[in-house]
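First chain A sits with chain B, and in the next complex the same chain sits with chain C.
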Partner chain A sequence: MQLKYKFILPLALLLSAVMLYPLAFSGWLAFHEYRLTRLDDVHFVGFENFVLIATDPSFLNAMGNTLIFVLGAVSLELVIGLSLALLLQKLNILRNFSRSILLAPMFVTPIAVGLMFRFLLNAELGVIPHYLSKIGITVDWFGPDLALFSLILIDVWQWTPFMLLMFLAGLEALPKTPYEAARVDGAGPWLTFSRITLPMLRSVIVVALIIRALDAFKVFEYVFAITRGGPGNSTETIMYYIYQTGFRFFRMGEAAAAAIMLITVILVLVVLLVKFSQAEEARK
Partner chain B sequence: MNKSLSALRMTAYASVVAAVGQTAFAGEINVIMEEVPDYDIVAKLTEEFTAANPDITVNFDAMPFDAMRDKILTSSLAPSASYDVIIIDNPWTEEFANAGYLEPLDDYIAATEGYDYEDFVPSLAAISSVGGSIYGVPYYNYALGLIVRQDIFDEKGLEIPTTIQDYMSTVASLTTDDFYGAAMQPQKGYKVMEEWKNWLYANGGELFDENGNVIINNPAAVTALEQYIETFNAAAPPNSANWGFDEALRAVSSGKAATMLSYNWMLPALNAEGGMAGDLAGNFTLHEVPGGKAVLGLWSWGITANSENKDDAWKFVSWISSPEVAKRRVSMGGAPVRTSVLNDPEVWEQGFGEAYYKALAGILEDAAPLSTGGNAEELIEIVGTELSAAVNGQKGVQEALDDAARGVERANR
Partner chain C sequence: MSYVRLEKLRKSFGSLDILHGIDLEIARSEFLVLLGPSGCGKSTSLRMLAGLETVSSGRIFIDGRDVTGLEPRERDIAMVFQNYALYPTMTVGQNIGFGLKAKKMPADQIKKKVDEAAKLLNLSHLLDRKPGALSGGQQQRVAIGRAIVRQPKVFLFDEPLSNLDAKLRVEMRAEILRLHNELQATTIYVTHDQEEAMTMADRIVVMKDGLIEQVGTPEDIYFRPATRMVAGFIGSPAMNFIAGTGAGPCRIDSALGALKVDAAVREGQAVEIGIRPDNVTLAQSGYDGDNPVVPMTVKLVELLGPRAIVSLEHASGQAITAVVPYADISSFRTGSQVDIMLAVEAMHVFPVS
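Up next, the complex of A and B:
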């Protein structure tokens, strides 16, 4: 064996054990009837699991909820994160202090964030509904109309700092000369932002969007800690659906099929996003 | 996504590995328990068992409900059990028995002198009997009853309602701007199903007919759900469509609501001096649910089929559930499962008074579990999701029940 292959061998083995094998096994699971409580009756079923999942109204609903969640949360995080980054970039007093404070939510474990907001927004006990009611506003945060939106807001609270961090780093790495040139030419703040900052920041934005979107697709903790998918199934997300199918009902084959369908959806979206960004790049 | 999928698998493997690592040694039994007040009593009593049987060590692993099901599963899938004794929630009984996780106890019961198996309340004992074998012995019941603020009923000269119609008009008449007739629990899944099924029984409904056909969308079920929603809108606190057990209990204990359908053993907790209800303690009474037939919950003791210490495990289980220890467990505040204990004046005196045990005996006489069969856990979730959608107005009553029926058929295919 050539030396170069010997060098990558340990890592290749490690990755096969922790990535390749589980992935291949879930692929195998997806084509089998595999219930943890009926292991004596495991058999090949072809695409049956996929058909079952694709025709299950709960799965389609969970997929819809997840897409709304990802779209809502990530776009809000993008806008707020970018705005904060632009403001903070100019802020010179208490620079490190203000940045550490703003980044804090990111370091709390999501399940704790879920539990915290469950009580903060609880209609009976919560401090937020309490003060809102003092000014005459009653909001049922986890009612059927608002529950998914409330989960989006919680995600925004926790993960906007991540966007902020990415954009601050991106902004600080931008060259200064184009800005000086723009000032000489008399460009206002909006023109500078839309014609210089935004295009130069594009690759950072795309990377941040992809990372956040991939993460948001996995939303589980808030749902588990707060709504368990309710009221009705208005906050059931795809990860919660997979958890229920696999770990509460022990239908591992169907859970694996659902997971593979989710991977497919995510791959399509990521490829589209990257293509779009490359096309924009080429158009210039 | 790849990451989370592998995480799913790795968690399963890690649990199995951990389970194997915990296997009990000879003379040592591991017992999985739920962290509830009854567990504290069992743990206290067990000190006597280990004193009398110094060669047996009993290790309890007490945890929240949510963690139990997969722990039991991984222990049962491992070559040798990490838990020798498990407690089984009634919807799991058939599923675990069919999967071969549970040791049949018939021979053990027959060989144990003075055990008096017939003394267990029949509706409870029946739950653990699957395919002619006994897979568990009752540990504690959580049958539902109607808990009311007796002082308010007395003050207004109201009778305790015995039919759903009476209940609906009574709680509606008690509701004002800041006080509510009923603290309800329409939370998605288990809770709403557990509460609504009492209404279903009151209307003569069931999940399946005697031939096993799904009848959860028949006219009786539709009426039951319409009545349930009507009561919720007329007598439950606003914004409570997501309430579960905790929130409803808090509303009743803090004097905001007059009645709740809840676990019978909440009564002693509400009436405890210096307890959660504060000055209201002593004002609560327990009655049969309106309509008469109650939803029954049961935890039972089971022994795992892959345990290497079955004899010691049975020694412990038969001791803790024996007539003599069961009596002391209940006298210390545990939930009764034996007829002799329910009717024992000494228990009444040391426990929570004659009225409570008499009411409970009445409830247990006509009660049936929430769901049975090998997929009970899944059925509860499916029906409970549709019920919640109907309560929240996301679906019409008939539409939600039709969807529930389709979901149940699909799961049972």
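Up next, the complex of A and C:
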């Protein structure tokens, strides 16, 4: 065996064990009736699991919730992250201090963030509802109407710093001279931002969007720690649905089918985003 | 009457003084070149004039108006940068029209003006390209287009040709001059390239260490340098300098012997005599004028085509460079002895401080 293959072998084995095998196994699972409670009755069912999942109102509800969550969270993170990055770039005092503070939420484990907000926003015990009620505002953060929105806010709290970090790095890498030319040309702040900064930052924005959207699709911890999908199924996301199907109801076949459908949706979205950004790149 | 005026302009970064108080007046339609070695403050002066750099003290007037504290856009200037500073995501047409768009000019008028500028600069076929798809020369033409389309009061050029190759530089030089003659716009042009300065300028300002050494026409600067620095900086190959001491009203003792000069010198005064390589010639036999004739050893001959640069050395160790025509080149063989003549009327005497 050539030396290069010897070098690559350990990693290839490791990846096969922890990624390739589970992936292949879940692909196999998706086409079988496989219940952890009835392991003596595992048999091939073809596309039955996919049909079952695709026609399950809970699955469609979970998919809808997840899409709303991803769109809401990622677009808020984009807007807030970009605004903060523009402000921070101009900040001269306490530069490093403010950057570190703003990045801190990213370093907290999501499950801890979930628990933290569960208490912070709790209608009876929570600090935030307590002070809101003092100024006459009562909000039921985890009621049927607002629960998904609250989860979005929590995600925004935790992951806007990531966007901020990406955009700060992007902004600081931009060439300075076009800005001087724009000052001489007489462009105001809005024209400078919309016609110079934003287009130059496009590739960074696309990358940040892809990373964050992929991550947001996998939202699980907040749901698990706070709402358990409720009230009703108003915050049931796709990951929580898969978890319930597989590990609560032990229907591994259907869970695997749902996971494969999720992967397909995400792949399509990523391919579209990349195609879109490449088309823009080609126009340059 | 002056159109642009700098009054005791100073700039310091912290405790470091970049400009030590510059006074300068520029006439309407004049092509003024700021020339000097890197770090002399010429670019800083231009950027202060543009409003991109704050003024530590002093004042700037454009067309009679004090613009010292104004934003660049309120000064009615246009600037061409060394690295072009085009907007990378816009097309050539959008780049040229951006300043007009910022002025909120209607789109059809912008298009008309952009087309005019593009035609003037031979860019019409490139209007839909992005800057990344253009050559350096084309990019710089776009940058110039962006400047002229706004018809500003003053054009500022910050070493616009230094990123281009030698051939393109000569072409663009001619193009900028043609534009200047056509538009008659007041132009301030920064460069460290003396050839650019000599060929383009109505007047040259030679700067060093944040101070103006001399202001004058290219002829003044070349033939009548006011200081030792200007004399040494202008001209290629550089002027020869011979150290000496005053030995009478018009006499200097130097390594080349006693030289008669056309300048008043105090006895005992330390001076340097400067003479351009073009004024060092082969001594004609039987000549007995005032011009000193000095025996030299030929060290090196560099042929440039019609002329050659000859490095000579005197018995005292004093080196002299001469530029000789091709016709005389047979007299200068490496290692041979020649008699050369230094033209008295071409000698400059600079006191040594």
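Throughout what follows, the second predicted complex is superposed on the first by the 275 of 284 C-alpha atoms of A that agree within 3 Å, B and C clash if a C-alpha of one lies under 4 Å from a C-alpha of the other, contacts with A are read in each partner's own complex, and residues count from 1 in each chain.
One rule holds in what follows: a residue touches a chain if its C-beta (ideal position, glycine included) is under 8 Å from a C-beta of that chain, and two chains touch if they have at least 3 such contacts.
Source: prediction; values computed, not measured.
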Put chain B and chain C onto chain A via the superposition and say whether they clash or fit.
fit
Rounding in steps of 10 degrees, give the angle chain B-chain A-chain C taken between C-alpha centres.
160
Which partner chains sit in contact with A:Ile196 here, chain B, chain C, both or neither? Use first/second/both/neither.
second
Given the touch rule stated above, what does A:Asn96 touch, chain B (first), chain C (second), both, or neither?
neither
Looking at A:Glu124 after the superposition, I want to know if it touches chain B, chain C, both of them or none. Which is it: first, second, both, neither?
first
Check whether A:Ala182 is in contact with chain B, with chain C, with both or with neither, and answer first, second, both or neither.
second
I want to verify the contact counts: of chain B and chain C, which reaches more residues of chain A?
B
In the overlay, answer first, second, both or neither for which of chain B and chain C A:Met19 touches.
first
Which partner does A:Gln2 contact after superposing on A: first (chain B), second (chain C), both, neither?
neither
Measuring by CA atoms in the overlay, how small does the chain B-chain C distance get, in Å?
34
Chain C residues touching chain A - in the complex, by the definition given at the top
50-52, 71-73, 77-79, 81, 83-90, 98-99, 101-103, 130, 132, 146, 150
In the complex with chain B, residue positions of chain A that touch it
18-19, 22-23, 25-26, 36-40, 56-58, 122-125, 138, 140, 142-144, 147, 214, 217-218, 227-234, 236, 239, 242, 244, 246-250, 255-256, 259, 262-263, 266
Residue ranges of chain B touching chain A (in the complex, touch as defined)
1-2, 4-6, 8-10, 69-70, 73, 77, 95-96, 98-101, 187-189, 238-242, 247, 250-251, 374-375, 377-378, 381, 385-386, 388-395, 403, 407, 410-411
Complex contacts: residues of chain A adjacent to chain C
175, 177-178, 180-188, 191, 195-196, 199-200, 202, 284
